[in-house]
Each structure stands twice: as structure tokens, then as C-alpha cells.
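The data blocks that follow each hold one structure.
Both complexes shown next keep subunit A, but they swap its partner, so subunit B is in the first and subunit C is in the second.
Presenting the complex of A and B:
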């Protein structure tokens, strides 16, 4: 921890970063996002199993009003969002000072202790507990017990459903949605200045939280994440209604990989799946 | 009036009768959620549980509701009123921080315009509150004039006794009529069932008058630059809150010549909330929007309606994706010097 504080303190003192988006612990021991602006602030920075937030979500907000680099503390999975934003031309690598942290898994429920049953599923599939690139690296990665992947079971079940059964499953889930848009607001990949649900001439998506409005919102959100979701699980964690949102985005990520061999946010130079085409792409959907 | 008690079993029998009489019963379930229950067995009253994730306001102020329907017929437009829902609503197991919200938001729905949709639901309702045996770091009902035993907003109030009994207090004429109607299920309190004592303390954190005074004088304080800095601008906090009541009115087409005008939940944390048709937005960043949230709750609503627009339930903080804790923010305001009225 001291190492993280020291790295950030130095970065702020030496003006390697204008400010650092990181985590702090509040007086109730909740770990939450925090911006360190001075070397003294850096004393408050921390990292733990409870540092769940994907801080890359703040990059789109802060990128315009700064002279100098934005410092950001990232886990390996969060770095995928940073990479994806660079790939999508939302931010430049040179405008960032990346403080990678070696990670030992994060909790699902922030109110509970870290253990096997309170570990995010993404951690089970985490390719690298050390971020693949960074400007500075802190923390030590420790072994941890892998959680069960209940979601894979559910996905297999849904795959076996008929179209009607699937519709019924999702209708029942989307019925709960209250259109708070927390799923959109926490998502680092949802950076549109004007979201399609806010466009009213014409109105593409009903703004009412009716069955129709909820269905179209949740499906359009999922569509816009096809081949773009980097799997941080933040949307599902934020949803106050407990809708299993990552079932959709994870499935689409799996399809993007099986059909096109593409994983978003894993290469700074590879063109994005959505932003390019290749003559060898399948076109079997055009009939 | 004589002192009454009721057993959990008899309470369920009442619920059973209510359901048979086409009454809508809103109660807490085993998953600790408010839900329109379909059978008495679904009801689980647990005074020791954390407040539900969402409040029950949607049964009085739905997330979306039609104001009228329209149909275009050549050059004519026909308007239709929605069929009013006159069913009786009984809410069972409301915590003091849930029940207290109804009289608070009733004031805004009866200010310059009387909101018939809200009022008719409230008039047709009966709120059965229950004292609360829970408290965590997010709870602060005590700080805004409430308490775990507060009966504000309840028509009937239950206090847990030993052996699955509740002590019953009737608070309003509605509550009295209810007890009379179902009197066969109530028993005289012979003092045999001892009250269950509350185990947790509810500490005092701030003085809301002091917070109000600070808010009166510090609209431009630099405190606001950081208070809401990490807020993501979702509406989780407003939508789960029992006292947030903002709504939007929109026209929605359904087919080519028909549609409806609807009243939908809205929230001051959305960037579109204050955007003018000209494109100007007086609250053009999240910090200003967060200031609005706090000021509306602890200043504007007090100025206008003499009520804190908050019951201290802590829901907004428990669910906030960035753990922005309203209590800690207000506590910090409470600790600031009263006259730091300057842009520093």
C-alpha cells in the first residue's frame, strides 16, 4: 500500500500526472473512487479486494478539461477499458499516466468480506493479474480461491431455450427495470454525449419504463456493447433491480471471439471489431 | 382505548381476507423486497432487516403512468382519461423511514396543483407501520426528527413482542376503522408477551437546522467542487428513495395515430433534467447537480414545505455504485464553519 501511495505522491510531485483517479477508504471502511490532486492527497489512496469500481468510466468526463496527464489506478480488467477507449479514439495513451496494480481478485458484494463465494466471476477468467502495460506498478498479487461460475450454467440453460422461452425470460427480467440508467452511467464504454434514449426527434426508444420501453432500452444497450463490452461487470453490480445484465454482454463477447477471434481492449493497435471489416468476414447473415 | 395485540398468524389471516376482498396488499417478502403479494404466505415481517432496496413509493407514484390517451380521427383528436384505479391498498410492514415519506411527498403533490392520481391512491390506502430493530452506518432517521419507533405516516403501528406477537397502536381514524373491521383477530394485551428490545443504538450525527443554515449561505462554497465529484449521474439514489418525487411528462406514440401522455420518474442527477430548449443548461456539471440533490433535500423543501425531504433510510447510499454516502456528506456540512460564504 505504501508503494502505491509513494508512486502516486511522486507522480503528483514530479507533475507526471495532473491528478490521479484512484480509490480511498472512507470512515466506514468503504473503498470508493477518489481523485488525488496534491501529493498530500496521495496519502489517502488505497487498494484492496474491495476496490471494485472500474475507474476508466471517469476518463471520458475528465479528458477535456486538463492540461497534463490524467493519472489512473487500474486493475488488469480495468485496463481493458482504458485500452478500448484508446482503440476507439476517445483518449490518447500519451495523455495518461497509468498506475497498474497487481490484483488478487475483487468482491461481488462490497458490504461483505472477500472469500470464494464473494469473488467476481471475471476474476476466474482473468488472463493477467498484472496489467499488461503501465507507467508504474504497485501492490503484490496473491493467490486466491476461484469462485464458481454460476453464470455459465445459466447461459447454457438459456442457449437451450426456444425463442419464446427466451423472450419470456428476458421480459420477466426487463420488467423490473426502472430506467435509472445506472448501468449506462457506470459503464466505461457508454460514453456517448447524447445517448440514443435521449434522442427525441424522432424518439427511437420510449423513455417510459413500460414493458416496451424497458425492452427496447435493455436490448439497445446490449447491442451497443456487442464486441465492445470489456466485461468489468460494473453494470450488473450497479443495477438496483438486480437484473443479470452481463449475461447479455458476456454472451456477445463470446460470440465476437468465436466468430471473429476478437476481444476488445486487449491490443492498443488492433482495429476494433465494429470499426473495421475484412474481406474474409463471414456474411452468412445476409441472405 | 384498550391495548391490543395480534399474532403473526392472525395478521396473515387478515391479509388473506384483504386479498379475497380485492384489496392490493403491498408487503415485504422473504427476499426483503416490497411487492404486491398474491398470498398471505409471501408476507415476511422482519423488524431486524435492512430497509428494502427500493421504497414502496411506486404503488403511489408509479415509475410510469398515463395521464390521458389520444386518438387521431381524420381532423379530430379524441382524448380519453385513464381508468382510475380505485382499489384499496394496504401496505404492511413499512419501516418508520418508509411510512414517514408519504406525508412528506404529499405536500408537493398538493401544492399548487392537486395530483388526483396520487391523492386517490393515498386516500384509498392504509399504512401499517412497524418499529425497526435494524441500524447500520447508513441509517440516520434520528437526525431528521424520526426514530425507529416513529409513527408518522402510519395508520396502524406494530411493535414486535415475544412469541410472534405484535403490539398494535391505531393512529388515525382509518386505522381505527380497520381494527374495528377485523376486530376478531385482535386480542387484549394482558402483558404476557414481553416487548422485544431493540439491540442497536442509533447515534446522532448532525443537526439539520445547522445544516440548513449552512446551505442557506454557501451556494457557491468550494465544498461543492468535491462533494459530488465522483457522482456518476445515474438516478439509482433518486429512484430507490422514498421521498424523491420528480417526474417528466412526455407524449408517446403507439401506432400512427394514437398514443398517450405519460408521467415518468425523473431525477435531478440526469444532465437533461435542467437542459433548456435553447441548449443552455444551468446545472451543466455533476458537481452542480449533486449540490441540487443535497440542497433540495435539506434546504429548498424545508423553505417551501417545512419538511426535510429525507427520512434517513440510507437506501441511496447503500446502493450507490460509487459509495457516495449522503450521511457523510451532510455530516461534513454539519462540521463546516457557518460563515464560510466565499468562493475560495
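Presenting the complex of A and C:
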């Protein structure tokens, strides 16, 4: 932790970064996003199993407001969002000072201690505890035995359902949605200036809080993440109604990988899946 | 808004299944419709006059025509309306033919659907806006790709009309396959003698810029305004200094290692070479794959002997860009490779004929070289293995063509003719020789073609045997040809000295790649696709790109030349106007909501999306958004479908129009 503080302090002193988006612990011991602007601020920066937030969501706000580099503390899952934002022209690699942290899992319930039963779903299938690239790396890597990927089991179950059963399952889930749009606000990939639900002339998406409106919102949001969701699970964490939103986005990510060998946010050079056409693309979906 | 509705019977085409008077009556009650009528042929002069009259008398603002596909007559009706004073883009077509009458049988149901289609169009037209066509200037210059007879003809026609031409040829010389031919059917005139003057004319023409040993790398832009990047491969010889004296080739120590492409491998050439004596330009190139200097760093013989200091081993490929208004593709063909182990796995080859295994089994182009006065035997018919005169020669037609199992299902079309020619040339030179031709059918359609084949049979006594050959093997220096005479129903065995296979013409291997560069279509064989098989045979689906010669399908010289002149004429039509009118149906970005993800840029097949910086008054960058280049945009709508936040709209197909249509549908 001291190492992280030192790296950030140096970066701010040496003006390697204009400010650093990181985490600090408040007086109630809650770990929260924090922007360190001075070397003194850097003292407050921290990292722990409770550093859940994906800070990359803040990056697109600064995309045209570059005046020195932006520092950001990232776990390996968060780095995928950074990479994806670079791929999608929201920020430039050169405008970033990336401080990677070795992460051995974050909590599901922030009020409780980190343990086997209190682990984020994404951590259960996380491939890399160390971010693949960074400008500086902090934190020691700790071994931690991950519990089973129970979401994958649930997904397999859903896969086996008939179309009607699936529709029923999702209708029941989307029924709960209160259209707070927290899922969108927290998502690093939902950086549109005007979301399609806000487009009213003409109204593309039924914005009423009816089952039809809820369904079309949730489906459109999920579809806009097809081949783009980087799997930070922030949407699901933000949803006040406990809708298992990542069942949809993770599934699409899995299909993108099985059909096209593509994972968004894992390469700065690979062309994005969406928007890239190749003559070798499969066409067997055309029946 | 005052809308006029016109329902066309299309003769019987629509009228048979759709009750047009009833449709017209129903339309009269739609809100906004002030005029509605039906007529037998709306596209005819009297039909168009009905529309014009109604516009004038009822002061219509918009028109909906229920007729055939907009592809067919949208332009017709737009023009008619414009001449009566309303903007062309205030016209909508409801497709009552392809989308309704042609695909339904029940009159009552079809009529109901026709009324629905009309209502959708009426609702849509209420959101149309008057639009102005976009005018873009035309670059009055052509690019011709391929310097065979087709490319030569097209280039000369355009240049002689007074416009500049850039002719790109990938080989060191122009001339193509015609330069390799001995004499040509059906008149037996010497190929070189009629071709060489044209090659020279190209070279000397002040309006033609010849870029030999070059290939097209990239094409941007659109009809009237293409920007073409051309790779000029390193010749290792400074073209401007070389006088074509040929001393370098003469002194080059590599005489045996390289096979002459021009002689189809029947002779050798040096590492520095001109393909043939009449080559245009008469400038050698160094084949770096065999040159001793490039392999070992020693030799430089050519450099030492060249008095003009034209040899340059350090030369690199260079790139030039040319602005042109039209492109003519004339890249020709190649011959089916018939070896047992063909280079491309999709071709099965004819191992049983022993091509590549027996020296005396050759293909048609090799025979052309043997029969040619400029060829490896100076025109004497001598077989490759021992340079003796073959007394018995067998020609086999349809090798690779009309054979789905081992080759291609199409007819290569010229082989019947060139085989008859070969047999004739043989008989003219070897008077006591016997010539046999195995054929499936004789296809000799064309002026004086049938007469030509009859002459081979009747005057030159060539033996035509109907049937296929199953196997060829060598025994005591003879080729044993085993086949079947299907007319007599008997097996045939011929002990031949030389066998000539009439192998199919096939598309150039790189044709699909070039097609992708040019954004044109190609068929499953790799031949370039015309825009319409009957009415637009030299155009492609990309405006301003035309086809000439054997790159389109197997063709002989007269057909290739005719097609080349047609392609030249199409270019000249384009150059007839100073400005091109383009449809105003293009994409438009809502800059206030665009997030600058540039997915639209990725999907645009026409490179029409650019990045635009928006700055405040102090010059600070506010944001970067997508910008549509109206010259490049083809209005395909792909970006429109891609943008997640719906920040791009297609003018003429805007959201309001589509929603009005969908809503009208939902009300049904």
C-alpha cells in the first residue's frame, strides 16, 4: 500500500500525471473513488479487497480536456475498460498514466469482510490478477483460492431453457426495473452523450415503466454491449433492484469469444469485433 | 400538405391480382390525399401527363405512385413531377408489383395489402423534404488496368477522343496474351503483326501515360473522382536512361536458370530481360529471384556493360497517385493449370493426361509459341522432348471446361476455335502429318467461325473424333492416347508424337483481391461481374468502373476489342458533362449527440466518414465528432444502423419517415 502511495506521490510531484483517479477509505472504513490532485492527496490513496469500483467510467469525461496526463489506478478487470475506451476513441493511451495494481479479488458486499462467500462474480473467473500493461505497478500479488463460478452454472441452466421459459425468466427479472439508469451511468462503455432512451423525436425506445418499456430498455442496453462489454459487473452491482444484468452481457461476451475468438478490451491493436468485416466471417446464421 | 395518389395497373402485371380502381378509391379517403386515380401504364407518356396535370390543377405538394419497383421507374416519376414543378424528392413509390401482385394470388387479399402499402407510403411522404441533388466535378481522365489487347484498345479510344489515360500493366511489357499467339482465327493473320503497331501507338501517344511493371494498390473515391495509388515495382533499371540496346541481357551470365514466361517455359531467359523483342516499353527488368548479384552480392555484369549507367540495384518500389474519373478493368485471364498437383487445391487437375510429367504433352499457349515465327523453334513444329517433327498430333478439347468434377462448369468458348486453328497450322506446316481432335461438341458461333472449322475438316483433313480421352501414357517415345469415339461407339487408341490440351481460360488468381480494391463484384469463378447481364454488360455495380475483355468471361480478340471500345465509350459518356449529379440521399451526423466512438467510420465501406474537431471561440477543442463527406457517401445507411445513440440519419430515409411508415403498419 505504501508502494502505491509512493508511486502516486512521485507521479504527481514529477508531473507525470495531472491528477490520479484512485481509491481512499472514508471514516466509516468504506473504500470510495477519490481524485488525488496533489502529492499530499496521494497519502490518502489506498487499495484493498474493498476497492470494487471500476474507475475507468470517469475517463470519457476528460477525453477532450487533456492538459497533462490523467493518472488512474486499475485492477486487471478495470484495465480492460481502459483498453476498450482507447479502442473506441474515447481516450488516448498517451494521455494516461496507468497505475496497475495486483488484485486478488474484491468483495461482493462492501459491508462485509472479503472471504470465499463474499467475492464478486467476475473475480471467480478472472484470468489475470496482474494488469497486462501499465506505467507503474503496485501491490503484492496474494494467493487466494477462488470459489466456484456459480454464475456459469446458472448460465448453463438458462441455456437449457426453452425460448418461452427464458422469456418468462427475463420478464420476471425486468419487471423489477425502475428505470433509474444506474446500470448505464456506472458502465464505462455507456459513454454516449445522449443515450438512445433519451431520444424522443421520434421515440426509439418506449421509456414508460411498463413491462414493455422495461423489456425494451434492458434488451437495448444489453445489445449495445454485444462484443463491447468488458465484464466489470458494475451494472449489476449498481442495480438497486438486484437484476442479474451480467447474465446477458457475459453470455454475449462468451459468444463473441466462441464464434469470433474476440474479447473486447484485451488488445490495443486488434480491430474491434463490432464494425469489422472479414470475408471469413461466419454466415451460418443466415438460414 | 396536398398529396396525389396514382395507382398503376402495369398492364396486367399489377392489374391481374390487384383491384387497382378499388385501391385508388381507398386512397382517396386517406388524410392528406386530395387526388387519387388509376391508369393502365403510369410510366407511359399519357400516364405521366395525368400526374403532371393533377399537380398543376390540384396544386399537389407530394405524389405517391403505386407501381413497379423504385429501381425501375422512380427516376421516371421523379422527373415527371419535377417538370410539373414539385421537388423530385417529394415523390414516393409503393411497390405494388414485386412486393404484392407478383407474389400473391388471391385478389381480395392482394388488394388489401396494396391499400396498406399505399397508406404506408402516404404517411411517409408527409415527412419528406425537398432535396437538391449534389453536384460534383468530373476528373476527365481514365485509368486502364491491364495492357492486353483490351486495355490497349480502351486506352487508345479514350486518348484519341482527347482525354488522358493512365495505363497500368503488371508485367514488364504490354501486349498480354495476344502477343504470344502465332496466327489468329478466323483469318489466320499474324497476331504480332496486327498487335505491335497498336502497342507502339500506345507508347507514343501524348495522352497515354504507360506505367509498366506496376500494380494498383488502393482506390479511393467515387465515380468521376477516384484517387488511385499505384505501386511501381522496382525494375532495377532506370527507365529514362535505358535505350533498350539489349547489351545487358546479352552479357548476363544467367542464361539457363530462368524459364521464359513469354515462351510458356519452352525456352530460357536471362536474369535481366525484356520479355520479347517487340516489348513495349523496350526496357529490361532484373528478376531478383535469379540474379546472381541479388543472391550473392557479386556479378554486376549488366551494370558494367551498360553504357548509359541505367542499371540501379538499389531501386525500391515507389508509389504514385493518380486522379481519374473512370476506371476500366482489363486484366484478362490465365490458363487452367493442369498438372497433377495443381497450385490451387480447388482445381483437381488432369493427372491422367500427364501434363508436367511428359514433355510432349503441352497446352494451347505452348503450341502457339511453337507455331510462332518468334517462338523457341522459329515457327517449325518440333516437339519439346527431342526437337523432332511430330507426325501424329492429338488435340484434346474441353480440358478443364464443361467439366464440373475436375474443372469448371462453364464453356471456355474459344478453345474449339483455337484447336481448329492449331490443327490447321499444323497441317499447313507438316504436310504428311496426321491431326486428331477429341471434342465434346464443336461450338463455332461467330462470323466465319463455322466455315473456319469446316475448312479444317474438309480442306485440311483434320480428323475430328467425338469423345473424351481417358488416359495418356508414354511408351517407346510415343504417347499412347486412349479414348473413345462415342459416335462409333468404339474405343480409340492413337500413338501420338505430340498432344496439345485445349485447357480452359480461367480468371486471374488475384482477381478477387483487385475486385475488393475496386469495390466491384466477382462471380464464383473469379470473373468480374457486370451490373446487368443484358442491359449493362460493361458496367459494374460501382459507378465509373467498367469491364473489358477476358477478365469478364472467356472471350476471343474481336469480342474483347468490342467490349473495350464499349467501356471506352462509357467513360467518354461520363466525360461529356462537367458536373455529375448525385443523389442527395446521404448520411448526416447530429454533432450535438455524437460521442465520437467512430464505429460508423469502421463500417463505412466508402470511407465517407471523417473526424471533425469542434472548437469553441478561443480555439479550445470541445469534441471530436463524425463528419460525412458528401462526395463519398453512397447513402447505404450502414452507419445509420450502427450508431448506438442514433446520431446519424440518412437524409431521405430519416427516422420520422421510417417511423411514420411503421406506425401506419402498426395501425393495421
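Simple rule for what comes next: the second predicted complex is superposed on the first by the 285 of 287 C-alpha atoms of A that agree within 3 Å, B and C clash if a C-alpha of one lies under 4 Å from a C-alpha of the other, contacts with A are read in each partner's own complex, and residues count from 1 in each chain.
Note that contacts are C-beta pairs under 8 Å (C-beta built on N, C-alpha and C of every residue); 3 or more make two chains touch, one makes a residue touch a chain.
It should be emphasised that the depicted structure is a prediction, and the values quoted were computed from it without experimental measurement.
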Self-check item: Overlay on subunit A: subunit C relative to subunit B, clash or fit
Solution: fit
Quiz item: Which of the two partners, first being subunit B and second being subunit C, lies in contact with A:162: first, second, both, or neither?
Solution: neither
Exercise. Determine, under the contact definition given at the top, whether A:2 touches first (subunit B), second (subunit C), both, or neither.
Key: neither
Practice problem: Tell me which partner A:110 touches in the superposition: subunit B (first), subunit C (second), both or neither. | Solution: first
Quiz prompt | First (subunit B), second (subunit C), both or neither touched by A:274 | solution = second
Exercise. In the overlay, answer first, second, both or neither for which of subunit B and subunit C A:64 touches.
Key: second
Quiz item: Given Cα centres, how many degrees, to the nearest 10, is the angle at subunit A formed with subunit B and subunit C?
Solution: 130
Exercise. Please name the chain, subunit B or subunit C, that touches the greater number of residues in subunit A.
Key: B
Self-check item: Shortest span in Å between Cα atoms of subunit B and of subunit C, once chain A is used as the common reference
Solution: 5
Quiz item: Both subunit B and subunit C contact which residues of subunit A?
Solution: none
Quiz item: Where on subunit A is subunit C touching in the complex?
Solution: 60, 63-64, 88-90, 191-196, 199, 201-202, 204, 224, 271-272, 274-277
Quiz prompt | Complex contact set, residues of subunit A against subunit B | solution = 26-28, 30-35, 53, 57-58, 61, 110-111, 178-182, 184-186, 198, 203, 206-210, 213, 234, 237-238, 240-242
Quiz item: What residues on subunit B touch subunit A, complex-wise?
Solution: 53-54, 63-64, 137, 229-230, 232-236, 238-240, 248, 250, 252-253, 262, 264-265, 267, 270, 272, 286, 318-319, 321-325, 328
Practice problem: In the complex, go through subunit C and note every residue touching subunit A. | Solution: 592-599, 602-603, 621-624, 642, 644-647, 655-656, 659
